[in-house]
Amino acid sequence: NKYINKWQRRFSTFIITRKELSTKSALLIPLMNAVRGMSSSGGPTPPFTTLSVSRPAETITHVEICRPEKRNAMNKAFWLEMVDCFNQITEDSECRVVVFSGAGKLFTSGIDLMGMASDILQPEGDDTARISWNVRRIITKYQETFSVIEKCPKPVIVAIHGACIGGGVDLITACDIRLCTQDAWFQVKEVDIGLAADVGTLQRLPRVIGSRSLVNELAFTARKMYADEAKSCGLVSRIFPDKDTMMAGALEMAGEIASKSPVAVQGTKVNLIYSRDHSVPEALNYINTWNMSMLQTQDLMKSAQAAMEKKSLKDITFSKL
Amino acid sequence: NKYINKWQRRFSTFIITRKELSTKSALLIPLMNAVRGMSSSGGPTPPFTTLSVSRPAETITHVEICRPEKRNAMNKAFWLEMVDCFNQITEDSECRVVVFSGAGKLFTSGIDLMGMASDILQPEGDDTARISWNVRRIITKYQETFSVIEKCPKPVIVAIHGACIGGGVDLITACDIRLCTQDAWFQVKEVDIGLAADVGTLQRLPRVIGSRSLVNELAFTARKMYADEAKSCGLVSRIFPDKDTMMAGALEMAGEIASKSPVAVQGTKVNLIYSRDHSVPEALNYINTWNMSMLQTQDLMKSAQAAMEKKSLKDITFSKL
Amino acid sequence: NKYINKWQRRFSTFIITRKELSTKSALLIPLMNAVRGMSSSGGPTPPFTTLSVSRPAETITHVEICRPEKRNAMNKAFWLEMVDCFNQITEDSECRVVVFSGAGKLFTSGIDLMGMASDILQPEGDDTARISWNVRRIITKYQETFSVIEKCPKPVIVAIHGACIGGGVDLITACDIRLCTQDAWFQVKEVDIGLAADVGTLQRLPRVIGSRSLVNELAFTARKMYADEAKSCGLVSRIFPDKDTMMAGALEMAGEIASKSPVAVQGTKVNLIYSRDHSVPEALNYINTWNMSMLQTQDLMKSAQAAMEKKSLKDITFSKL
Amino acid sequence: NKYINKWQRRFSTFIITRKELSTKSALLIPLMNAVRGMSSSGGPTPPFTTLSVSRPAETITHVEICRPEKRNAMNKAFWLEMVDCFNQITEDSECRVVVFSGAGKLFTSGIDLMGMASDILQPEGDDTARISWNVRRIITKYQETFSVIEKCPKPVIVAIHGACIGGGVDLITACDIRLCTQDAWFQVKEVDIGLAADVGTLQRLPRVIGSRSLVNELAFTARKMYADEAKSCGLVSRIFPDKDTMMAGALEMAGEIASKSPVAVQGTKVNLIYSRDHSVPEALNYINTWNMSMLQTQDLMKSAQAAMEKKSLKDITFSKL
Amino acid sequence: NKYINKWQRRFSTFIITRKELSTKSALLIPLMNAVRGMSSSGGPTPPFTTLSVSRPAETITHVEICRPEKRNAMNKAFWLEMVDCFNQITEDSECRVVVFSGAGKLFTSGIDLMGMASDILQPEGDDTARISWNVRRIITKYQETFSVIEKCPKPVIVAIHGACIGGGVDLITACDIRLCTQDAWFQVKEVDIGLAADVGTLQRLPRVIGSRSLVNELAFTARKMYADEAKSCGLVSRIFPDKDTMMAGALEMAGEIASKSPVAVQGTKVNLIYSRDHSVPEALNYINTWNMSMLQTQDLMKSAQAAMEKKSLKDITFSKL
Amino acid sequence: NKYINKWQRRFSTFIITRKELSTKSALLIPLMNAVRGMSSSGGPTPPFTTLSVSRPAETITHVEICRPEKRNAMNKAFWLEMVDCFNQITEDSECRVVVFSGAGKLFTSGIDLMGMASDILQPEGDDTARISWNVRRIITKYQETFSVIEKCPKPVIVAIHGACIGGGVDLITACDIRLCTQDAWFQVKEVDIGLAADVGTLQRLPRVIGSRSLVNELAFTARKMYADEAKSCGLVSRIFPDKDTMMAGALEMAGEIASKSPVAVQGTKVNLIYSRDHSVPEALNYINTWNMSMLQTQDLMKSAQAAMEKKSLKDITFSKL
């Protein structure tokens, strides 16, 4: 395992076995204790300087944006480290689910304007065309920061508490499942600093929530949206009373997903994203080509047998993927 | 009329005239009596072995998945019969609306794993490529089972009670309007048996409901979703207290739709599906080419005249289509 | 300024400064008084015969469909004047936001069947092909009536009271933000007059609200949908108790948007519409090409500075666009 | 073998072994003798009335349009039989390549106007909309006649002699490889009978030849194009002096293709057609999903081994597909 | 007739009857005499200042770029007048074919750099974003100059002599059929003046000729291509010895096309352009919706009858379109 | 300069100045001498083991596949090094054009079957699904090898001598301009080793040459195509008598392109590739967004001035890009 897993070592008495995860009442207290114990005091996991990566269970990776003293603002390092981090997760055949959250008092205050001023406010180049050329390269690179989340075939559950501003919305719309605390709020902030959001919000938010009138209102007015509205419009699928409960809930959901066949789960993600970007007939054509091999997995037999024997999938061992 | 219309014969005293359908209070009792009398004891309508097809009104076809003793599990015969059934409905110029429901205690338990094991679990072929080739042919054929519902230009109202599992969700997302009972629940079950859903759910569900976070959660966790959440997320547009009331409501809605110009209604379905799969400018271009002839229908004049004379469309006779 | 701004002249004592707009409590009363005073008695603004165009603030244009004696029915003149009106607004570098509403007792009763009978019911042509050719030209022209709203890069807030029928739904789905009064209702009326809606509803409504089952139900049954359902399904993003309050709210929202960088706001609209019609990777590629120059705006520096100095954007002067 | 193979029986002395096919000089004489002996006097192969289907070699199917007394005009039966015939070929796991040609003095004079007058010139329907609805169903059905050629994954070599008019051009542009005799000529005839070609020419011809100016000229003027121009513009890839030589050449090419791995060849066809209709990145994404299973074929090892041992593929036995 | 038809008046003795056009030998001499007499001395046709529009036959419009003293350089007026001119032609129900050529010694030297310097070299705007915004509006407007040629459903034959440089190539690639003289040469000149061609060449040239290597070479090196290479690569479909012969040939081809059903010819153009921009299945779906009405033209019966009676279409009268 | 430029050092007397390149007659002899002296004896340029990278001129990079003793077969290292090499070239703001060729007696014999057997013939994985998963990752990685050529915005001229087999065709179809010697031949070899070509040929070849019949023939039969046919079908745009002359010609063409504005040339490449994968209206929309900034380059003024002063662009200094 290539991550320095501080969190796991510190709480070695807390081992989430697959069985425990399913017995909800027994689980809640240790899960919440565990989560309450989580802190970003440990700080980022080297070589990362903005991310803390841990392994709450063998098949679950927890990634935390970890600059609490800067309100988790996204600085230059963050944009690059996310790409490395998620590329590693993609290659990590043990990992089956990712939980993403923010250290400290809030999820993220968005882009670190001070830290990135040179890139954004003073791009280089001998004339307008050359400046533009460089700006485009930079935006393209920054877009990749969140696109890697989609390219990673493992489901990514994002758990949001407190503020989620600007780049934070770009980030969470690239994740698969969104959970939040009751005190969370969201703000498509970009127009307020004079730009059209260009790393994902304008592209993904309209596909993530059902009301286009609301998408437009949020994008044009930069107003705050609180947890309840976020739930009723579909941006998040669940609200939790506080961060500890949410983290416990996220881990439980992650454990549930991690117990299923990775061939099934990751094939599902690949095809959900494909179908978002293609017509229904195109997407049907793609999945029949995808599944012509994937249905030949042993997981199908194992899962079917478990279903017939009414066994929990948590008692089944699937090969790595 | 090519369907053996048992239901209609048995309730010959119950004739849904267009007028009665619009006087709601008078209608409710006979409709509910009629529906209460409906049962799948009559069994499938030959030549079908899994479907019961009847004609509650001249312009309305009722299709029922009818293997109640097997919890309406989808066996090999079902996958083929659906295609024949809906192709016949497409060709039936009298029929203007379809109501689809399930016989017995629940809507459907999804794929009949036992009955289809040979196709899915032991596909033939001399090597992996040839097995894959055959698997792809099978999936393509099964996809057609639900795509015929979309290719049929008549609106399909699906009425769901009790469980709607796995293949059931693939089916209902291909229908046009979804109604359910208070006791209905839905489960995107495929990951639990080790596969990515490949006959429609992953392709259509994200276009059917507004919250992508919820779509993903359902597809990755295979958790149950109950009627209330289904209504609030937009999967169904109405909940009824029980099956009888729902069937009455479905028939009333079907009667309403059947009273309109079939040129207008079926053109609407064709273009709604086209516009789902194309950009807005593409879809506008298509409908102006579609309507250049369709606006030349006599139905336009008849409908406009009825509107001006404040007559009900139920008193207007439109030609078959 | 090329519009005859009657409204502004009549209420010269009411000047919405940027600062006032942000002090909500102080604002409400004059705003509501102003709005209460608004009437369509002044009638259309020449050269328009169906539209009244005014300038409630320097950067906000108010367009009102103004045939109250005909229930704002859309006659031949309306279809053409909308195109001229919005093309002018597109070219008007002062204007940053548009508010659209209806004069009199209701928003619009939709197409003026009587006034357009010749075009629709008796198109010209020597044979069916030639009639069809002409019908297609007419539809294409009418589609443009609402597409200009999308092609105009300035956000369009539509405020709906009372009935919004048929062509009215086509119109409002082409606007960016939808507000309505508690007494508003919506009706996709086209099937009732024998045609498939061909100027936008079938193409845009499914992208505007989250429940496809509901879209289909509305389009097939032509039933009315009232304000509360419109809000819960996402068609409108806010309900107001009455028209005056709504107009005040619309103007306040317009003022808020108008205070932001027009480069940011209009770039946002262009890219939101682009991303609706393209896949996420396509839309990301487009915005990075768009922003390679747009990020070189002075507005970015001005806005960033205001943000850091905690100043309101309403105190910042942006150049025209 | 489900085809009544008259041709093969009649020429039982002529057996094309794989080895003979590769020894070109020895082959030419018997091939040409065989072909010279071919005639359509035997007539169509029941149950077909317009097609003669034979099996010149185990893995090669020869389909001949066979109404020589009517200049191979395409009548109602032809449009339906083509679909049955190619669907059978698709299912026939022995067949690896198809050769298509015309019986008698010319390839085809195109649509049989007399025989199809009722469909085309007098379509049924109560009003213009309903007539149009029926016309559309008919065209869709006729389009399928040639689209089945593309949906069949086996390469189709078409050999054209004499006239190839109207529907003939629609047909040959749906084939994979086009050969012709020196006396062949081609005519996109549709404008001459008052219609825009709607069963494939306008859609496929521009993708088949390189000069758009020429495509347009042919489609607008309906002028004849002779063999030499057809070769230089890329419509055909080879010209032969006469029909016998051409048929020998077609069979030799068919034999060559039939000797290769069917997994490779048919995967190639599927992906060539996919890539025609998609962007390069889309098509690359599709083939990597396709080949993830198809590369697991034994044919790869067999072929690689043959290549290394410098053996002819004609000496290798591949499994059926 | 809304064009001041100088050319026609001057050569009133030359009347191209439909019959004459088909008797080639008799035609050649008067055609060439007529053409020899053509000159641009008459100058532009008011209200145009850069275009001369005439009517060599009732159904044929001849448009000539007419600034011979400036080597037909494209100035500001030209870009606007083209749009007006082709919009008028689109609306002109008499006109069935357009011939486009250049007055004086060469076809066109391309963009008039001097005359357009302000637009291109010194665009307005308060900052880079606003300058870019204006530049984009200008390019969009200029793109329309050639896109109108495609939107016009009448075939456009372009006849090129001498130089065809820069914008000239953008223009001719938007035309349908390209003819040239032996002394013609073509140059994709844009890189030589420091820009990527943005009004059509990069978009259309690769679809117009078959060799992508050649397209790229021409676009990157800006080298000249002479008539013979233009013919062999498919850019032009015919070469003529000199301008007079070419104009006679263009008129003859125009006469040939004009003699066919305009429903067939213009439907062919609309669908050829649609199919260029869509996949084959999409394009087939479009044409079956198009033809469901267009096949109901009387032209079909008239043309079919003429075909059966072996009459020339030039003796048939079709209604205007 | 980060490449170890052996070639340049060895031939320090040979300096291609911009001026010399344009005086063709004087140039030919030294160019040919220089080229004659080129050999792969110097071997690959570290850190590359399969590629030799040199700098024949300041703005031109020469990449040579350099495993002559293995007939330039593509081994594992090659697939990775190509990506690094072209990514470096993309970042190298001095380089404006790339020339690609093969060392030794032929261009390339294609994939190194022996060296890659483990990847292709024995992929890892616990079951068919997992093997397929890995195979897909490998193919995706190998596709990138040639896609980087397209993603690099600098034009790539490929110069082919002798054999160009299998993977070689995938490679050259991803290049922009293709030149070859008289003794060159091409072979789409993949079906002969039992697979459908999956790293570019099936996707790009049909867009590179004009005859689809020929594309199919080459892909299905794996026959050789010689230089003359390659020229006449448009695969290559020029044939040279021998390798030395070809290299001189390639360098001259490269010099010509390198003399132009890099903003213009590289914008041209980006847009040519974009337009290949999009419809014409989409591509026009993209380039107007691209050029809104790129037209603000100083290169436009410099180039325009040179054009007006009839100066050679080789005397103009453009900034790096």
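Just so it is clear, A, B, C, D, E and F label the chains in written order, and each chain counts residues from 1 on its own.
As a convention for this text, a residue touches a chain if its C-beta (ideal position, glycine included) is under 8 Å from a C-beta of that chain, and two chains touch if they have at least 3 such contacts.
Values in this document were obtained by computation on a predicted structure and should not be read as measured data.
Student: Can you name the chain that lies farthest from subunit E, using the mean of each chain's Cα atoms as its centre?
Tutor: Result for the farthest chain: A.
Student: Examine where the copies subunit C and subunit E touch and state whether the two sides share over half of their residue numbers (same) or under half (different).
Tutor: same
Student: Please compute the C-alpha centroid of subunit A, do the same for subunit E, then give the distance between them in whole Å.
Tutor: It comes to 54 Å between the two C-alpha centres.
Student: Averaging over Cα atoms per chain, report the distance between subunit A and subunit C in Å.
Tutor: Here subunit A and subunit C have centroids separated by 36 Å.
Student: Give me the residues of subunit A that touch two or more other chains.
Tutor: In subunit A, residues 128, 131-133, 207, 209-211, 232-234, 263, 276, 289-290, 292-297, 299 touch at least two other chains, as defined above.
Student: Would you tell me which residues of subunit A are touching subunit B in their complex?
Tutor: Answer in residue numbers: 155, 176-178, 207-211, 232-237, 253, 256-257, 260-261, 263-265, 267-272, 275-276, 279-281, 283-284, 287-297, 299-304, 307-308, 313.
Student: Can you tell me which positions in subunit C touch subunit F when the two form their complex?
Tutor: Subunit C residues touching subunit F: 286, 289-290, 292-293, 296.
Student: What part of subunit D is in contact with subunit E in the complex they form?
Tutor: Listed in rising order, the residues are 113, 120-121, 123, 128, 131-133, 135-136, 139-140, 143, 147, 150, 190-200, 202-204, 206-207, 209-217, 219-223, 232-234, 276-278.
Student: Hey, which residues of subunit E end up touching subunit C in the complex?
Tutor: 126-130, 132-133, 263, 293-299, 319-321
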